[in-house]
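What follows is a pair of complexes built around chain A, which joins chain B in one and chain C in the other.
Then we have the complex of A and B:
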């Protein structure tokens, strides 16, 4: 089909890049925002604008909160088809209670799993989750949409298309295509390098777009490659190559059995009732042991398994605040007596590599400069793809205009939608977050509708204004949506001020960076889009003058 | 873009790259992970390392499927080869369990 390898790579780069570039754009952009997901949550839920807290006392705070938890009616209804017979009124047999926190979390997420009598798969538990104020255990509104960790973050890896995990597979394929685009881009690059020395005055603008595309692609090449690869690996065993649950499940079960035997951590309940010793004492002992190993640290994850049973145990995991690898160094205690069962041994070399690669992607460590570099890397990826779109359109639009083809026009409208439209949708959900009444039922759903609604409007606008592209000119929607971003950005920051009183001077003087940072980042985005709008206007005027001049010359 | 008459060829290549690549990668993970477990590695470590090799194999096949002179070879290697690799994985498992 192709004359040469390089031609094949160019084809792959162009067409796969175009089709899945729309998905990659979202993955990069929302990935960059997810680096500060907890901070965006604080912005979106003003009642949680407090300092991060360590894991609270189990006996004083966690236990009463866990005891209050029950699955929601929604979860019960969803479970019904997988149960023989009726669902019980209350779920009392606890499979696990767990609490998870990081050095950036002022609120604490609690999870509880319960056995379901007569479940078709007896291993399947029903789950409940809640959010509490770790200082005193007060339940916080759990139905509020955590826009950062509960919406932008899932957008990053699944586009929130949950049906059959479709979104996760689309993003996975896009990540693979990202890897292929990087390899094929490098193969093409050799030729581009030669073309740098070719004088093409008439194509100057095209070349500057290409330069930016190459720059953002090449400068951050290791970043792009590793994030696409580690992103795939994080989901590989669960979704993309689930051999452990399918083809190799016998090996997996064998491993689970051996592990339960070796570690002494029972896989199932014994059926003999037993009490619960003081968990705070176990946590204190775990912290003492970490300190003795020169790894003093905070608790990141606390899990109680098979509660109320002789086989129950408590696992205490250390937060990965000071290193790239995730939570680890688990220490396990017998729940009924508090005696030590086991300390996790040091990870194997492969285990260390896995922890490092996934930790590198999920960044739980405390290092603000590095976090910002992640944001820049993600935005560089978004710029790389956006300039790819622009290059695709600019290269073809005059030719398409002559042939009467609509191809460039359609691609350009979609590019407007995914570049400026996506930013507008992101600001749209924040506007809705501040404007919707506090006690509106299903408030989070309305916020999501605002996101998709804004995006749909941006798409309509880009399409309606796209006619000039078919004549070889620029789509004014680019410029107009840049202005809209600026207006939205200022409104979002102003609304935050009006509805919470937290204006920038207040948050900055208080040093409350989660909210100040979000506000400043939004204003910076607004400023950039104003600059872009001015530039686009100047360019449109120049193009208009050139056209007028050439028409005059043709008439003379 | 290749001309209109080449469209079926384009579809065939894209299908080979995605479906063939996936089948082959699955086989690589199955063989890789089971052999590493046989060599004494922890299951989840083997699963992770196998997946990594599988993803990189997918990438290789993906590029090859687009560039290959004869698509027939791509299908042959990915489907027959991938199937043989998957069968090896099951065979190794049957020896271990």
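Then we have the complex of A and C:
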């Protein structure tokens, strides 16, 4: 079929890259945004715009907050079919209480699981969760859509297609294809080192696009490779070949960490009532032990199991902010007496490798430079894919125009939708976030509709304006959507100012970077798209003049 | 981990070393030297630039190691190299003469 290995690779690269490139584009772009998911959350939920806090005292803050928790009516209704008989009024047998925070979280997420009498699966618990201000325990709105960690992040790994984990399988397949595309790309690229720094914007269209494609692909090659690989590994561990079930399935932050850590710790209640010793003392002891091992001592995750039972125990996990590896260094105490049960042993070399690879992708560390470099890597990947689309179209559109084929036109419209359209949709959800009334029921759903609605409009626009491509010309939708991005970007920042009073001068002078950073990043994006729009207009005018000149010449 | 101030300066130095190193490596290539100076320096000069480039990238790695835990330093270094390569490539395509700053001893 192919005359040479290189041709076979080129075929693979072109077609697999084209089909799954649309998915990869979303994975890269929303992945880059997810690096700052908590900061975007702060932007989107103004009442939580406070400084990050360490894990508060259990006795003073957490305990009263946990005691107030009960499952929502929704959770109770959802559980009903899996229970024999009626649901109780209150749930009092606590399976676990847990609190989770990171060095970037000003709010504290609390989770509580309760035993359900007569549940068909006696292991199944009913869950409740809430969000509190860690300074004093006041409940914060828990029904707001966390646009960063609750929407952009799921977009990154599942496209929010939750049905049968379909999105996760599509993204995983794309990651696999990405690895193949990287290998085949390296094979096709004859001059990796000789053209390492090469970008010639002045050269013929095809050449300059290919230069940029190669440049963004090659310089960040280790990033692209390791993120596709580690992404796949995380999927494989959690979804494709899950080792043991985890009740906290939904909590991306915790991942496999909690899994398999219960070794040597009671799995069941003993049925003998018992009290709870001072948890703060246990936390202090855990911090002392970490310190002795030269590890930063912030608590990331605190779990109380089998509350009020003789078998109850308290696990204290470290927030691993000082190294890449995702390690909890869990220390476990007997709940009733506070005596040490066990310290998690150091991982095996293979385990350490896995911790490093997962940690590399999930980024629990405290390192702002590396975070920004990850954003750069992600955006470089997005540029690489976008230029791949443009190259595909540019290479074929004249030929297609002569043959009367619509192929290039369709690909181009889809490319506009996935490149500028995706940015527009992202800004669209932020606009909706600021414009929708605060107390609108199901506000988060409306925000999601705004996202998909904007994206659908961008797709329609790209399709309607795509006719010139079939004649071998450029689609004006690229330029028009660049202008739309600029308008949206300015509106988003202005709306943030108008609705919260947090304009840039205020956030910058306060040094509140989560909000200032989001605003500045959006404005930078808007500026780039204005520059791009001007460039595209100049190019369109040049093309128009050339065409007019050649028609003139033909007539003469 | 060093205190925040020295952590910051170590990382800044690492970034500067990566950009300089990538710049020297680019200038050690005929094509790019031509872009910066409109003529190619002598083969020895190119060789010197290549050695300086490699040394600077190595220095950047050592600086990263001083700043962070080794596992983190590797990632910071790799990503800093990517950023530096992009910076140098875009400088070459936009204002190639600016790279002359990196090697003032080479006469244009």
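Worth pointing out:
One rule holds for everything that comes next: the second predicted complex is superposed on the first by the 518 of 556 C-alpha atoms of A that agree within 3 Å, B and C clash if a C-alpha of one lies under 4 Å from a C-alpha of the other, contacts with A are read in each partner's own complex, and residues count from 1 in each chain.
We adopt the following convention: contacts are C-beta pairs under 8 Å (C-beta built on N, C-alpha and C of every residue); 3 or more make two chains touch, one makes a residue touch a chain.
Keep in mind it's a predicted model, so treat the numbers as computed, not measured.
Contact with chain C, but none with chain B, is seen for A:223 once the two complexes are overlaid on the shared chain.
Of the two partner chains placed around the shared chain by superposition, chain C is the only one that A:376 touches, whereas chain B remains out of contact. Residue contacts after overlaying the shared chain place A:323 against chain C, while chain B stays out of touching range. In the superposed pair of complexes, A:360 makes contact with chain C only, with no contact to chain B.
Shared-chain residue A:5: touches chain B; no touch with chain C. Contacts of A:215 after superposition on the shared chain: chain C is touched, whereas chain B is not. Legend: residue contacts after superposition of the two complexes on their common chain; A:350 is shown touching chain B, with no touch to chain C. In the superposition on chain A, A:338 makes contact with neither chain B nor chain C. Shared contact residues of chain A with chain B and chain C: none. Across the complex, chain A is touched by residues 1, 11, 15, 22, 26, 29, 31-32, 68-69, 71-72, 75-76, 78-83, 85-86, 88-90, 92-93 of chain C. Chain A meets chain B in the complex at residues 1-2, 5, 8-9, 11-12, 15, 173, 176, 179-180, 183-184, 229, 232-233, 236-237, 240-241, 243-244, 247-248, 250-252, 254-255, 348, 350-351, 353-354. Within the complex formed with chain C, the residues of chain A that make contact are 194, 196-201, 215-216, 219-220, 222-223, 322-325, 356, 359-360, 365, 367, 369-370, 373-374, 376-377, 380. The part of chain B that touches chain A in the complex is made up of residues 1-2, 6, 9-10, 13, 18, 25-26, 29-30, 33-34, 37, 41-52, 54-55, 58-59, 62-63, 66-67, 86, 89-90, 93, 96-97.
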